[in-house]
Amino acid sequence: VVITGAATIRDARAGDITLAENDRFAKDLESCEAAAILVPSDFQPERIPRVVVHSVHQAFAKIVARFRPQRVPPAIGVSPAAHISPTAKIGPGANIYPAAVIGDEVDIGAKVTVHPGVCIMAGCTIGEETILFPNVVLYENTKLGRRSIIHAGAVIGAYGFGYDTVNGRHMRGAQLGNVEIGDDVEIGACTTIDRGTYGPTSIGDGAKIDNNVMIAHNCRIGKHNIICGHVALAGSCTTGDYVVMAGQVGVSDHVGIGQGATLGAKAGVMNDVPAGAVYVGIPATPVREQMIKQAALSKLPAMRKQLYALQRAVDRLVRQAEEAATKETV
Amino acid sequence: VVITGAATIRDARAGDITLAENDRFAKDLESCEAAAILVPSDFQPERIPRVVVHSVHQAFAKIVARFRPQRVPPAIGVSPAAHISPTAKIGPGANIYPAAVIGDEVDIGAKVTVHPGVCIMAGCTIGEETILFPNVVLYENTKLGRRSIIHAGAVIGAYGFGYDTVNGRHMRGAQLGNVEIGDDVEIGACTTIDRGTYGPTSIGDGAKIDNNVMIAHNCRIGKHNIICGHVALAGSCTTGDYVVMAGQVGVSDHVGIGQGATLGAKAGVMNDVPAGAVYVGIPATPVREQMIKQAALSKLPAMRKQLYALQRAVDRLVRQAEEAATKETV
Amino acid sequence: VVITGAATIRDARAGDITLAENDRFAKDLESCEAAAILVPSDFQPERIPRVVVHSVHQAFAKIVARFRPQRVPPAIGVSPAAHISPTAKIGPGANIYPAAVIGDEVDIGAKVTVHPGVCIMAGCTIGEETILFPNVVLYENTKLGRRSIIHAGAVIGAYGFGYDTVNGRHMRGAQLGNVEIGDDVEIGACTTIDRGTYGPTSIGDGAKIDNNVMIAHNCRIGKHNIICGHVALAGSCTTGDYVVMAGQVGVSDHVGIGQGATLGAKAGVMNDVPAGAVYVGIPATPVREQMIKQAALSKLPAMRKQLYALQRAVDRLVRQAEEAATKETV
C-alpha cells in the first residue's frame, strides 16, 4: 500500500491514510476511500488495510506532520524593527518580531517569543519559553509564568469594571492591581482578563482558557481549570482546581466554584457551587434537579390538558352531589 | 424644494431629505422636519414632498454618498513602513499599509488591501480584492478567498481548544490543520476562528459572520450562512448552506445543522437540527414546541391556583362520599 | 504599629494594612494577619488596630498607591516611530506612541494619549484628554468625546451587519454612517461598536461599557448607561439614560429600553422595556413575573405528583358515583 497523504475520515481521498478512535466510526468508513487506517487494538475494521497503534491521535499527528510539516517561526532574535525600551531586559534566545512594542522595565525570560504587534506595557515580567501571539496586549505590571501561550488579540490587565455612582456620575474605582498568570497556562484569542482593584487577578498553573472569554477584576482562577469560549466571570469570583466551564457560562460576582465542579454550557451561576458538583441551567442548579425540572416542563402541555379534564370531571361530580343533596332535602 | 442634507427620519432636520420603506413610518413622520422624502410607490405620505423610487435604500444611499462621500483609502501600493518577508509574493494593485507584517511564503492576490497592524503569518494565501482591516491576525497557512472582508481585530487560525488530561495535566491536541475561507465571505470585528486539528476549519462562499463570534476547530460552515454576534460554535460542528443563527446562539460540539435551518437568539443547540427547521430555546427545540412550552409556562402560576382549588373540591367530595357511605352503613 | 504593605483581607500578611467596608467582613478578619485595618465608623473590629475613615476605598487607594505607585506612561510627545498622515492635526500635549497609525484628516485633541498599535483611520476626531489603549481601531469618521477611555483591542466603526438577500446572495447594506461617542465614556477591551447605516451609532456621555460587548449599527445608547461584559445589542436599539445591563444580556433589533431600566444577567429582551423597570429571563419579563414563574417551575415536579394523586381520587369518585347511580336505577 502506497500512502500519499493523511486526512480524517470525512476528508480522506484515495491514497490517504486516516484514523478511527473506536467503532463509532464504522459507518463513516463505509464510504471512505482511504488507502489505510490507524486504529486501536479493539477496533478492527475489515475493508481497509489497518495499522494498530497504542494512541491513534499521537501516531496520526506524527504522520500528518510528515506530510505537512508544522511551520516553526524562524529564530530571528531581536528584530531591529521592534520598539524596545532601553530599560527592558530581554533573556537569551528570545525572539522579538517587528512592530512589537516593549515598555520600560519589562523583564522577558529566556526563549520567549513576542510576535508582531504585541504591546507589553511597563513593568511586565514574562517567564521563559512563553509565547505571545500577534497583537496581544499586556497592561502594566502583568506577570506571566513559564511555557504559557497567549493567543492573538488577547488583552490582559485592562481596567476593572467597577464604579461608584456619585451625583449621577459613575466614578471609576481604584486600578492599582495587576494580573498574574501561572505556568503552562493557555489563553485564547480575543480573551480579556482585567486587573485587580488593589491586588492581582490571578490564573493558576495549567489553566486553559478558550477564545472570547472575559474574566473580571479580582477573580482567582485555580489550577488546571478548563474555561470554554464566551464564558464571562464577573468580579471577585474564585474557582478551585480542575473546574470545568462549558461555553457561554456566566458567573455572578463574588461567587465561589468548588474544586472539580463542572458548569454546563450557558449555565447562569448566581450562588456558590460545591466541590465536585455538576451545575446546569439558568439559574444554575445541580444537573439532576435541572433534568427533573426539564422533564416536568416537557410534560407541562399534557399537564394542562389533564388539569382541564379533571376540572370538568370534578365540576360534574360537584353538580351531581348537589343534585343528590337537593333530592334528599326534597 | 432645496435639499441641503440627508438623514433617517429620527435624525432629519429642516432641509434634509429622508426615507420611509412603508407605512409603518407614517407616525414617525408627523414630527419630522424633513424637506422631502423617498418612498416606494405603495406609501404616499401627504404632508412632505415625496420622490417615489423603486428601492428606497439604494436611492437613499446614493443621495447620502453625494452629501457625505464615503472615504476610499488612497492607493498607496506597498508601504515602505510595512514589514514584508522577502519570500512573500504581493499581487499587482495590492495596498499594504504601514506596520503591517507579512511572513514567509505568503501569497497575496491582486488588489488586496492589508491595513495597518495586520499580521499575516507564514504560508497564508489571500485571494484577489480581499480586504483585511487593521490588526487582523492570520495564523500560518490560512487561506482566504476572493472579495472577502475581514474586520479589525479578527483572529483566524489560533490553536483549537482540545486537550487530553494525562496525570492531571491538560495536554494540547495536534494543531496541524488550518482555516480555509471562501469567496465573498465577511467576518466581523474580534471574531475568532480556530484551525482544524489535522485538516481545515472551513467557511463556505458567501457566508456572513458578525462581531465577537467564535468558531471552534474543525467546524465546517456551509455557503451563505448568516451568523450573528456572539454566536459560539464548539468543535467539529457542520452547517448546510443558508443556515441563519441569531445572536448569542451556542452549539455543542459535533452537532450538524441542516441546510436552511434557523436558530433563534440565545438558542442552546445540543443535537442535530434538520434542514429547514426553526429551533429556539435552551435546550433548543422546534419553535412550535417552544411556543407551546412557553405558553404553558406562562399559565403555570394559574395552573397552581387551579390545582389548589381542585384539591379542595375533591377533598370535599371525598369527605361527602365518606359521610354518605357512613350514613348508609348506619 | 509599623505598616510595611497594603492588601485586601484575603491577601494581607503580617505588616500589611487592610480594609473592611462593613461587618460582613468580620468573619474573614478572624484569620487575617494584617497589622492594621481601615474601617468606617460603624464597624469597629476589636482584635486589629484600626483607622476610622470616611471612605475606606478612597483612603485605601491612597495607601496602596504609596506602596505601589501607579505607573504613569511617560510624556513622550509624538514618537518618530508612529505613522502619521501629513494631513492629521495633533493637539498640544498629545502622546503618540510607536507603531500607532493615524490617517488623513484626523483631528487629535490636546493631551490625548494614543498607545502603540492603535490605528485611527481617516477623518476621525478625538476630544481632549481621551486615552486609546494599545491596538484600538477606529474606522473612518469616528468621533470621540473628551476624557474618554477606549481599552485595548476595541474596534469602533466596523461595518454594520445588515444584508438584503438577492438571488441567493447576501448583499451588504449601505455603510455611510459612523460612530459618535460622548465625553467621559469608557469602552472595554475587545468591545465592538458598528457604524450606522446612514447616520451615527451613538454612545451618550458618561456611559461605561465593559469588555467583549457588541453594539450593532444604528444603536443609540443614552447617557450614563452601565453595560456589562458580553452584552450584545442588535441593530437600531435605543436606551434612555442610566440604563443598566448585566452580563451576557441580549437585545433584539429595534428594541427601546426606557430610562433607568435594569436588565438582569443573561436576559433576552425581545420587546420594549418601560422606564425604571427591572427585566430578567429569556424571554425577558418584569422580575416579579419571572420570580413567580421560577417559583412555580420549582414546584412543577410536586405539581405533577399532586395532579396524579388527584386524578386517582377523582377516578375513584366517578366510579363510586356510577355505582351509586347503577344501584339507584336497579
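We just call them A, B and C in the order they show up, numbering each chain from 1.
Please note the rule applied: contacts are C-beta pairs under 8 Å (C-beta built on N, C-alpha and C of every residue); 3 or more make two chains touch, one makes a residue touch a chain.
Quantities reported herein were computed from a predicted structural model and do not represent experimental measurements.
Trainee: Using only the C-alpha atoms, find the rotation that maps subunit A onto subunit B and quote its angle between 0 and 180 degrees, to the nearest 5.
Mentor: Fitting subunit A to subunit B on C-alpha positions yields an angle of 120 degrees.
Trainee: Any idea if subunit A and subunit C meet via the same residues, over half in common, or different ones?
Mentor: different
Trainee: Provide the C-alpha centroid distance between subunit A and subunit C, rounded to the nearest whole angstrom.
Mentor: Their C-alpha centroids are separated by 21 Å.
Trainee: When you check subunit B against every other chain, which residues touch at least two of them?
Mentor: As it turns out, subunit B has residues touching two or more other chains at 99, 117, 135, 153, 190, 212, 230, 248, 282, 297, 300, 303, 307, 310, 314, 317.
Trainee: Considering the complex alone, what residue numbers of subunit C touch subunit A?
Mentor: Residues 6-8, 11, 57, 60-61, 64-65, 68, 70-71, 73-74, 81, 97-99, 115-117, 133-135, 149, 151-153, 184, 186, 188-190, 206, 208, 210-212, 224, 226, 228-230, 242, 247-248, 265-266, 282, 294, 297-298, 300-301, 303-304, 307, 310-311, 314, 317-318, 321 of subunit C touch subunit A in their complex.
Trainee: Which bits of subunit B are touching subunit A when the two form their complex?
Mentor: These residues of subunit B touch subunit A: 83, 99, 101, 104, 117, 119, 121-123, 135, 137, 139-141, 153, 155, 158-159, 161, 163-164, 168-170, 172-176, 190-192, 194, 197-199, 212, 214, 216, 230, 232, 234, 248, 250, 252, 268, 270, 282-283, 292-293, 296-297, 299-300, 303, 306-307, 310, 313-314, 317, 320.
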